[in-house]
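Consider the two complexes below, in which chain A is the common component and chain B and chain C are the respective partners.
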Partner chain A sequence: MNAAPDPAAPPSHPAHRGFSPSRIAAIARNTLTELIRLKVFYFLLLFALLIIGNSAFMLRFSFQEEFQVLKDVSLGAMSIFTSLLAIVATAMLLPKDVEDRTLYTILAKPVPRFEYLAGKLGGVLVLLFIATLLMSVLFVAVLFIREKWVIAEILREAGGTPNEQALEMIANVKKSAFSGALVPGIAIIYLKACLLSALTLFVSTFASSSIFTIIVVVAVYFVGHLQATAREYWLAAGANVSWITKGFLAMVSLIFPDLQMFNLVDDIVAGNDIALGLFLRTSGLGLLYVGVYLLAAHFIFSAKEL
Partner chain B sequence: MSDPTPAVSIENLTKVYPIPLRRKQLVAVRDLSLQVQPGQVYGLLGPNGSGKSTTLKIVLGLVRPTSGATKIFGSDSSEVESREQVGFLPENPYFYKYLTGEETLRFFGRICLLGGRALQDRIDELLALVGLEHARDRRLGGYSKGMLQRIGLAQALIQKPRLVVLDEPTAGVDPAGSREIRDLILDLKKQGIAVLLSSHLLAQVQEICDRVGILSRGRLVREGRLEDLISIENQTEILLEDAPPELLADIRALVEKSSGKLRDIRKPQTTLERLFLESTESSSLGNPVESTSNDRKS
Partner chain C sequence: MIRPIIAVLVLLLAFGALRVPIEHAVSREHREAYFRGAQLGLGLREQLGQVGFLAALSGFRSVVADMLWIKAHTAWERTEWGRMAALFETITSLQPRVIMFWDMAAWHMAWNASVAALNDQRLGREALRVRAQRQYFELGRDLLERGIRNNPDRWTLHDRLAMLLRDKFEDHCAAAGQYARAAAFADAPAYEKRFAAYELSRCPGQERAAYEKLAALFDLGKKEQLPTLLSRLAEMEKVLGIPEADRRVPQRPSESNP
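What follows is the complex of A and B.
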């Protein structure tokens, strides 16, 4: 027999959990749904057009040049597209939640502010992963199709029976098309986008609008790419460098991420392998930046009055 | 036995916002103290800018007080833990337009760590409670204002809170929607859930609140049981139905003989809201609309 519930009796609640990966996962999943339903993946069509168009345009090159340019353009485009997606997708998340008052309803639930931020960032990072994966699949597919096409061309010119020279050419084609450096190179492109996303989240915790956030992060993006060059130029002056310049450079290095370190495209295009040490160092640095920016965002957001 | 701990306890609460460029300060709430008991509907009234929303935000831990303390069932409301017991519906909520009604409740359930069959049952229960079963698979972007308020109320109740905080729950909602929300609030009261709401729609507050506090420029200027605050102690109202003119004449004569004064004899009026609801309901049923209300009986 079921006992009639006492309407005045307080309902039983599970004990509050100070930190819950499930809550973060719920917010991340919702953020991913939001971004997908906002149709942000449309930019992939642009990427597809770019590399397919680029591939058709390169028919006039030798196959080595063709694969070099294809990899250069594709990886460069992948880097720019993921960076842009990271900045734009993240910049609108917090202001939109404030504008729609959704932030209030979420934080009025037993959700710590850190988990809210971590969930939002998590959603964008999953989106970036999917975007990077789709672009990589598209890029590899175009590379594969071009490789098969060039090999077929070599075989046709050899009259169907490949001689030693043709076999050597085929081996060269395979070497030019795919290299082991592609996977770590793409992983670093993804990490750079993660870093930019965390940086954007940090800026959006104190920025007044999405536009302001985007402008600030794009400025940081350029400074981050140029600072290594500027540092090398100034330090090359040797003894003439004043302590003020050195201090300024150190400050810039601390505040702005050195994004040039995440640019391994040149090595990949040149056919060089990426050393494991360099990959691990760069990955570690990227993850460190993500962690530091997330903590800095939490520091400001937890003190923010909504 | 009822729980003696107040659902909300606010003690000497003051909130000051600095205005940096002008080197001035804005006192949003000044030395506010009040309590909301479990199962009570408390109305926080006041004009725009009187400090109602700031007070609610402090109770929910969204804004820090400059001084004073707020507690929810005895827990400091700045602690995340205190919000296990609270549901909140903000003023004019939009929520995530890309989610359906059911997905919205599922999201809010998940962040309250509900899941599985229990969450699905709770979603079904709440959609039925707020009358949105028919719109469960429709995206919130296509919801009307009243439907948004109702799904907002449903999300506020997802984890079975003991306190519900509503900021202008009927703002911008048509009279029919407004009545539905009011009925839902009365249902909550019957279930023993405390409700703290802010509003400047006084007629509605009068119908549902047990206790009210009136804020003006951040100060609590009146506070108490609604009945005590609005009753006119030296007047008595007698409401008669089908009274013949002779009876009315007798009453007049009796009053004249006594020390009391007859203030007025008049036909009671229905409210404009009731007239609106009756008219729109009868018109939706295809009935002719009355042109006058001279013979209307309340």
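What follows is the complex of A and C.
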């Protein structure tokens, strides 16, 4: 026999969990919506103009030169746009939430600070993914159209029936245009942007303003591209190098991320294939950076008086 | 607030100590797979200027190389050969893995600039013009040889070097060697092997080796029995005095009855 419910008993709620992916997802969703409302995707227009303009400008060059420059410029633009978006969008998150008082509303609820940070970062990472995907689609579309155009021109010159030479040229055009190896290259560009986003979030937990955060991260961006040089010099330094130099190089190597690690796309465009194992190791390092910077952000943010 | 700062410093240093050997190993793997091979030294800093060097260091070396390539194209339109040579040096230092840059740079130097030098009346006597022409041939050869050193896994530049040695230096023995190297790559076109045999047949003292290679190609079937191959094989058979019965290419009546 079932006992009747006790009207005096407090209403039953699901137990509050210390860590909830659904709460993180909710914060990430809100962050993404906020960022989209800021019309951040307008930069895509600039990207489209850049690659279409570049394609039109390169018409007077040979198709090998045209495809080489188109790929270099498009992927370079993709890298700079995703990096800028990652830095600027993330740098605004915490100061904006403090200014709007949204931060206090969220943290007044039983939401752990780590979940708040993870949700914020998650929102930016989704935004970066959408941006990278849209730019990739645009890039592939322009490359595809140009490829078809050049092939049609070759066929027209061959009088409709391609001879052996024309067929070889068509094969060369296809080889110079899109290749599957570009996909891991684009994935690494995205990973670099994720790393920069996590780093920006970490800096913004102790920064006094968005401008300060942006300046610091841009400086780290430049130093990060030289970290590999410092590390190699440090590891190869012999007895004739002073301990001050060694100490400085060691600090640069230990503190700053190696951003050259994620600049593989230049060589991928040049025809290098990246092995799956190497791609996974490089990606793994990128993800490790994101995790560590998020943890570092949590250490500072959890002790911060709000 | 001191404790979290110490915690963060410890975390970053510990992570740094953990990742430095990993990064070093991954960097080595990158280099072995021909990634990150550009040498951005002080010489390049002088050629690129502050902004260009900074851009190249920040992951935009391919874009910087392309901009310089467009500049080199403009220099070509103005026939500024010296400026082109300097630009090609910088471009190939920035992007040593782009075959097109080495190939086109060498072609501009050895074919275009050399002809322009030979026809340049401002250089004076013919001997001086021929010397200038040969210097451009050498520039083209140097570019291709450095290109090969930077791309040891690709056949294309061996083919281009062979063409340069054949057409400009008329060194058929060296050209045969380069064609043979190109042919050794699994993805090289079938004609590389033929070209290697053709050039060997023009190399003094190598008639027997050339004959064997040409005969082996002939025996592969109709697809390989192209006009040049037949004429080179006939020539070798004649030079080596191969008996009529053993000849693959029958002698023409005019040759048998001089």
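Structure notes:
Everything that follows uses one rule, which is that the second predicted complex is superposed on the first by the 281 of 306 C-alpha atoms of A that agree within 3 Å, B and C clash if a C-alpha of one lies under 4 Å from a C-alpha of the other, contacts with A are read in each partner's own complex, and residues count from 1 in each chain.
Following the convention adopted for this analysis, a residue touches a chain if its C-beta (ideal position, glycine included) is under 8 Å from a C-beta of that chain, and two chains touch if they have at least 3 such contacts.
Not measured: the values here are computed from a predicted model.
In the overlay built on the shared chain, the residue A:151 is in contact with neither chain B nor chain C. Ranked by how many residues of chain A each touches, chain B and chain C are led by C.
In the superposed pair of complexes, A:259 makes contact with chain C only, with no contact to chain B. Contacts of A:275 after superposition: chain C is touched, whereas chain B is not reached. With both structures placed on the common chain, the touch criterion links A:267 to chain C but leaves chain B unconnected. After overlaying the two complexes on the shared chain, residue contacts for A:118 are found with neither chain B nor chain C. In the superposition on chain A, contact of A:38 is made with chain B only, not with chain C. In the superposition on chain A, contact of A:102 is made with chain B only, not with chain C. In the superposition on chain A, none of the residues of chain A is touched both by chain B in one structure and by chain C in the other. Residues of chain A that touch chain C in their complex: 61, 64-65, 68-69, 72-73, 75-76, 79-80, 221-222, 225-226, 228, 231-232, 235, 253-255, 258-267, 269-272, 274-275, 278, 281-282, 285, 288, 292, 295-296, 299-300, 302-304. Residues of chain B that touch chain A in their complex: 2-3, 38-39, 57, 60-64, 80-81, 83-96, 98-99, 103, 107-108, 110-113, 115, 152, 155-156, 159-160, 162, 165, 190-192. Residues 7-11, 13-14, 16-18, 20, 22-23, 26-27, 30, 33-34, 37-38, 99-102, 104-112, 305-306 of chain A are the ones touching chain B in the complex.
Residues of chain C that touch chain A in their complex: 1, 3-5, 7-8, 11-13, 15-17, 19-20, 22-24, 26-27, 29-30, 33-38, 54, 57-63, 65-66, 69-70, 73, 95, 97-100, 104, 154.
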